[in-house]
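The following pair of complexes shares a single chain, chain A, combined with chain B in the former and chain C in the latter.
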Partner chain A sequence: MTVKSAPSPWRDPVALLAAPAVIYLLVVYAFPLLWLFMKSLTGPGGLTLQPYVSFLSDPFNWRVVGNTLRVAAWVTVVCFAIGYPAAFALARAGAVLQIVMLVSIILPLSVGAVVKAFAWQIVLRRDGIVSQTLVGLGLWDEPQRLLFTETGLVLGAANIFLPFMILPIYSVVKLIDPRLSEAGATLGATPLYRFTHVTLPLTLPGIVSGVAFVFSMSVSMFVIPSLLIGDRFQTLATLTGRSFLLMRNEQLGSTTAVILLVLAVSIVVGSTWVARRIGGNQA
Partner chain B sequence: MTSDSFLDVAGAEKSFGGVTVLGGVDLQVATGEFISLLGPSGCGKTTLLRIVAGLLAADRGAIRLDGEEIGSRPPHRRDVGVVFQNYALFPHLTVAENIAFGLKARRHPTAEIAPTVRRFLSLVHLTDFADRSVRALSGGQQQRVAVARALAVKPKLLLLDEPFSALDRKLRENMQIELRRLLRELGITAVFVTHDQDEALTMSDRIAVMNRGAIEQLAVPAAIYRSPATAFVLEFVGLSSRLTGTVVGQDYDHVIVDTAYGPLRAPGSFVVGASVVLAVRPERIKVNPPGDYALVARLRDAVFQGSKVQLHFEAKDGDHLMVETADLSDGLPAPGSEMRLGWAVADTLIYPAS
Partner chain C sequence: MNKSKIAVLNRRGILAAAGAATAALAAPRILRAQGKELVVGGAASHKGFVETIIAPVVEKKFSCKVVFEGSRSLVNLEKMQKNKDKQYLSVVMMDDPVMIPAVAEGLLDPLTAAKVPNLAMLKPGTVHMDGMWCNYLQPWLGIAYNPKAMKTAPTSWADAYDPKYKGRVILPSLQNTEGLANLFMAAFLATGKPMPEAQKDIDAGFKKLVTIKPNLLTAYTQMPQAYNLLEQGEGFMISSAISQVALERKAAGAPVEIAVPKEGIFAMPSGVALVKGGPQPELAAGYINEMIGPEVQAKLSAATYSLPTNKDTPVPAGAPTNATMFGIDWKFVADNRADWVKRWDRDMAM
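Right, the complex of A and B next:
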């Protein structure tokens, strides 16, 4: 009996369908990135690591890296805490309600980050709705300004990136057979045990992509922090922007850009790997 | 009222959006008994099963299991195992991990779990598949994992929701025998939901035939087949010849019914003038019997079925006349030929016409 070998990607014409995407990304993304990378390594006297050494030896820059990662981590945590249960509500909702919910999640994406950030400026003011509500509930003694604070930034950014957490988790939850949890129950598993041993591992692929989306978007956000927290609070992305736009320092800009990219990619890839290990023999 | 039944469902009612799915069902099951809930889809059998498992709350009624009221307990505190129709195996776990799931969830000592899993793997002949992903198994193997997983925690009661419906016929028959043997060995009480009458007849100690949210008859398989309590049970379980007619006379414990084939006698008691249906199981009808016979009919079709031959006769609207007989030595009779048919009066079943 002969066994057919797996079709080689070169023989399989389906692989060609990726060609437009590959060419497009090479031209507009990979080549500029390579140029950026070379720029950061090129000093007046040729190839040098000097920009990286001087960047990393400045304590201010370490604070910038800390700001970037801390804000991105908080935004991801808030998005997950709100988005995970919302994804279940969405997946288990009736047909009409589901459409309403999907539209209300997707439609705001068309508004754009700038408009939403301006809206959040109003919301987060001293006399804004958040402050007034908290005072009204007796949680705050007097109105406070959330605008231009880290909390305000996290709240605003989480709102803008929330769909990118909900949608990937929703698409996974939708495929989970509700009977799996029932089977767990009839085997004597408590609701908590069922969640940690059935639901959570099965939704892990959705969580991984949701977290990857939101983290990489919030680690590199530029417009939202500019509008919600201002120049006194620098992240790697805003520093990169300032270097290119204000300081005209292409070398500093490309250095911070490369550091940002390396950090974001390694965190996303690393956490995906860890999640897959925890998840066992997941698909 | 007290009862010494192992499982005692009393007055279970359930409706969805104003539609009654289960209308006050009572069901008693003895220890070690294998009961089938048999009925067409929508008859409420799966609803009853889900209520006993605790996956659905009844609107009214009580459920006692082994002397304890369990109706208000959540499913994980009922000790009722379920084998689901689609098996509902955990796709992220291996075969052995699926079987171990309930033991781990119930915090059995780790040292006991491995031997128990090994024992159940061998009981369902899956020892070599312990570390496979359940997604890599065939339908029959998945079904065995589902049974082993449910039994490994030693539930007081096992519920099975059409577990064989996705299997091909040969495999299904093997699994039926295997499951029955396994449950007997372990002394497990089981309630089995099916719409397949053959499955119910071969496997069950007793069968509850359900229709429109109620149990029409609860009896041993032979009684269900030989003396169906209602016309629905007659039609749902097995084949039958049916003749409509009007009662024209009554003597002692028999009635005379006027049919398209002339007057026929049947055991029972009906008022004269009542519209009735007479029914006879097809294998009870004799072709060209010696001596007395009941009627003469013209053959429409003869169907060879291996071990038996099915003869269908011409009949007027509403009537259905068929005979099952052992293979005829002198070949199939030609359609159009007239044949004499006869049966014992005691084999005649009679129901009011619906």
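Right, the complex of A and C next:
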């Protein structure tokens, strides 16, 4: 099927509807970003790459980059593992149950991250419910603390970002005709084959946007790590915050911010591209 | 015809209403300008005691109006920087570390005994940089602990290093002002030198401080979280806790006590200074003079669980009376803090 070439956005008046959003983002996002970028490249003697060189030549900073990416990757994996089946349950549920489920996914978004982080503090502490359950089941010999560990951070952050994985996948699953999979079955495809060759490729756009949402939010989270893991685990976002707020070192802050942005954007864009290629090959 | 008339009237009405609204908004300023008015900048948390303890005394004595602008120390510094040619703040109440850049930028006017006679009544070590600012209170740093979790109170700063408290000790981050005490105390414990010297041996301090890592529950940047952990019993002690905060929690019924370690306690910075070129300079000096005078000092130290800086003011009930009080060299801190925080990140990382 060929699509008629769309009219040029310059001639299509509908494109003008995006003008308020474009202007808004230019003013509050693009210009400050450009300022940030310039700040990171300006030294006392004019343009310089020195801030990047000195940042990247310090092994400690590579650990910070590693912390940032590792935690964000785990949060995304956990959100996907929980969110993908949940999105199907949501999409295929009856009308009343679906409303209940949607409300229970969306309502927690109205509770701030700080409140949730405090709640996790209670859940993850030594005499908290997780530790007690694991001891009760005989999996742990004695109560242990999950609070202020990387595992605790990943669990807490995944809880906070989960809706951003479920909702995009749900919106795609909702559009899939369940008969497609049934048709596959009548042709003798195994459930695994039907999943990998029919369902998964069709839900790929939802997965891509869910992963992009969750990854970019968790790579840049600032309040959640400061409450769930504390000052002894630095990420690029906490380092950036501290540079501006405490050390008043705008150059270091803008350098770490630009590095964080470049990493996040290239990973999101790169994985989207890879996912689309795989999806394209299978479809 | 009629329609257009209504429209015209409406437009006039709107203009009139807008004019009235502008006048109403401007009125308080105009009214205030008629009497003497003193604008004081401070931290938001100061608002309560400024308005209930200091302002009534000053307003009665000088028949003026004290207007308090509560924000944060760094915001006050910015307000002075931005209005350097036409200051509107007359007095600033800021943390000592923030006073140093304010002095360096020439934003403060020195306090003299002629302008502020009560200056002579202050304890030694509470007037800084030749009178650029003075301390009006000494909240102090000790060890906060949960008496339900710890049967015996800590008696020494070295207790936080005791292996029996594995995973139970909470420290403030070095980026928090109260966090500096641990670094200096570590140097003091490691070197055995007197505090003014030990405080300069930061390398020894860090070498000792890293040995506390197995005992750490966390290093906090958000203080409410630290008290939350302490009160729940997940943490046993906060090594280096501000008296004011710990005793307020205790007064609210929380299981929190604050211990005075045998080595001594640290004085926290609570500075007040005159803004250079600020309006009403005599009134501003009068405000500071009352603030450090015996009447206000007695009320202020009791209300804030702190030590008075006026040497003739009795120490409020429950406050340590004969503990050694360590001062902090804020200039030295200001010059080196960024490097220390950098080293803290590396050495204290999990």
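Rule of thumb we're sticking to: the second predicted complex is superposed on the first by the 274 of 283 C-alpha atoms of A that agree within 3 Å, B and C clash if a C-alpha of one lies under 4 Å from a C-alpha of the other, contacts with A are read in each partner's own complex, and residues count from 1 in each chain.
By our rule, a contact is a pair of C-beta atoms (placed from the backbone, for glycine too) under 8 Å apart; a residue touches a chain by one contact, two chains touch by 3 or more.
What you see is a predicted model, and the numbers here were worked out from it, not measured in a lab.
Colleague: Overlaying the two complexes on chain A, which is it for chain B and chain C: clash or fit?
Modeller: fit
Colleague: Between chain B and chain C, whom does A:Gly188 touch in the aligned arrangement: first, second, both, or neither?
Modeller: first
Colleague: Now for A:Ala95: first (chain B), second (chain C), both, or neither, which partner does it touch?
Modeller: Neither partner.
Colleague: With both complexes overlaid on chain A, does A:Leu147 touch chain B (first), chain C (second), both or neither?
Modeller: second
Colleague: Would you please give the vertex angle at the Cα centre of chain A, with arms pointing to the Cα centres of chain B and chain C, as a multiple of 10°?
Modeller: Seen from the centre of chain A, the opening angle is 150 degrees.
Colleague: Regarding the shared-chain residue A:Gln234, is it in contact with chain B (first), chain C (second), both, or neither?
Modeller: The second partner, chain C, only.
Colleague: Report, in whole Å, the shortest distance between any C-alpha atom of chain B and any C-alpha atom of chain C after the two complexes are superposed.
Modeller: Result, nearest C-alpha distance in the overlay: 48 Å.
Colleague: Within their complex, state which residues of chain B touch chain A.
Modeller: 53-55, 74-82, 84, 86, 88-94, 101-102, 104-106, 133, 149-150, 153, 155
Colleague: Along chain C, where are the residues that touch chain A in the complex?
Modeller: Residues 167, 173, 175, 216-222, 225, 228-229, 232-234, 337-338, 341, 345-346, 348-350 of chain C touch chain A in their complex.
Colleague: Quick one: which bits of chain A touch chain B in the complex? Just the residue numbers, please.
Modeller: Spelled out, the residues of chain A in touch with chain B are 177, 179-180, 182-191, 193, 197-198, 201-202, 279-283.
Colleague: Which stretch or stretches of chain A touch chain C in the complex?
Modeller: The touching residues are 60, 63, 118, 121-122, 125-127, 145, 147-148, 226-227, 229-234, 242, 246-247, 249.
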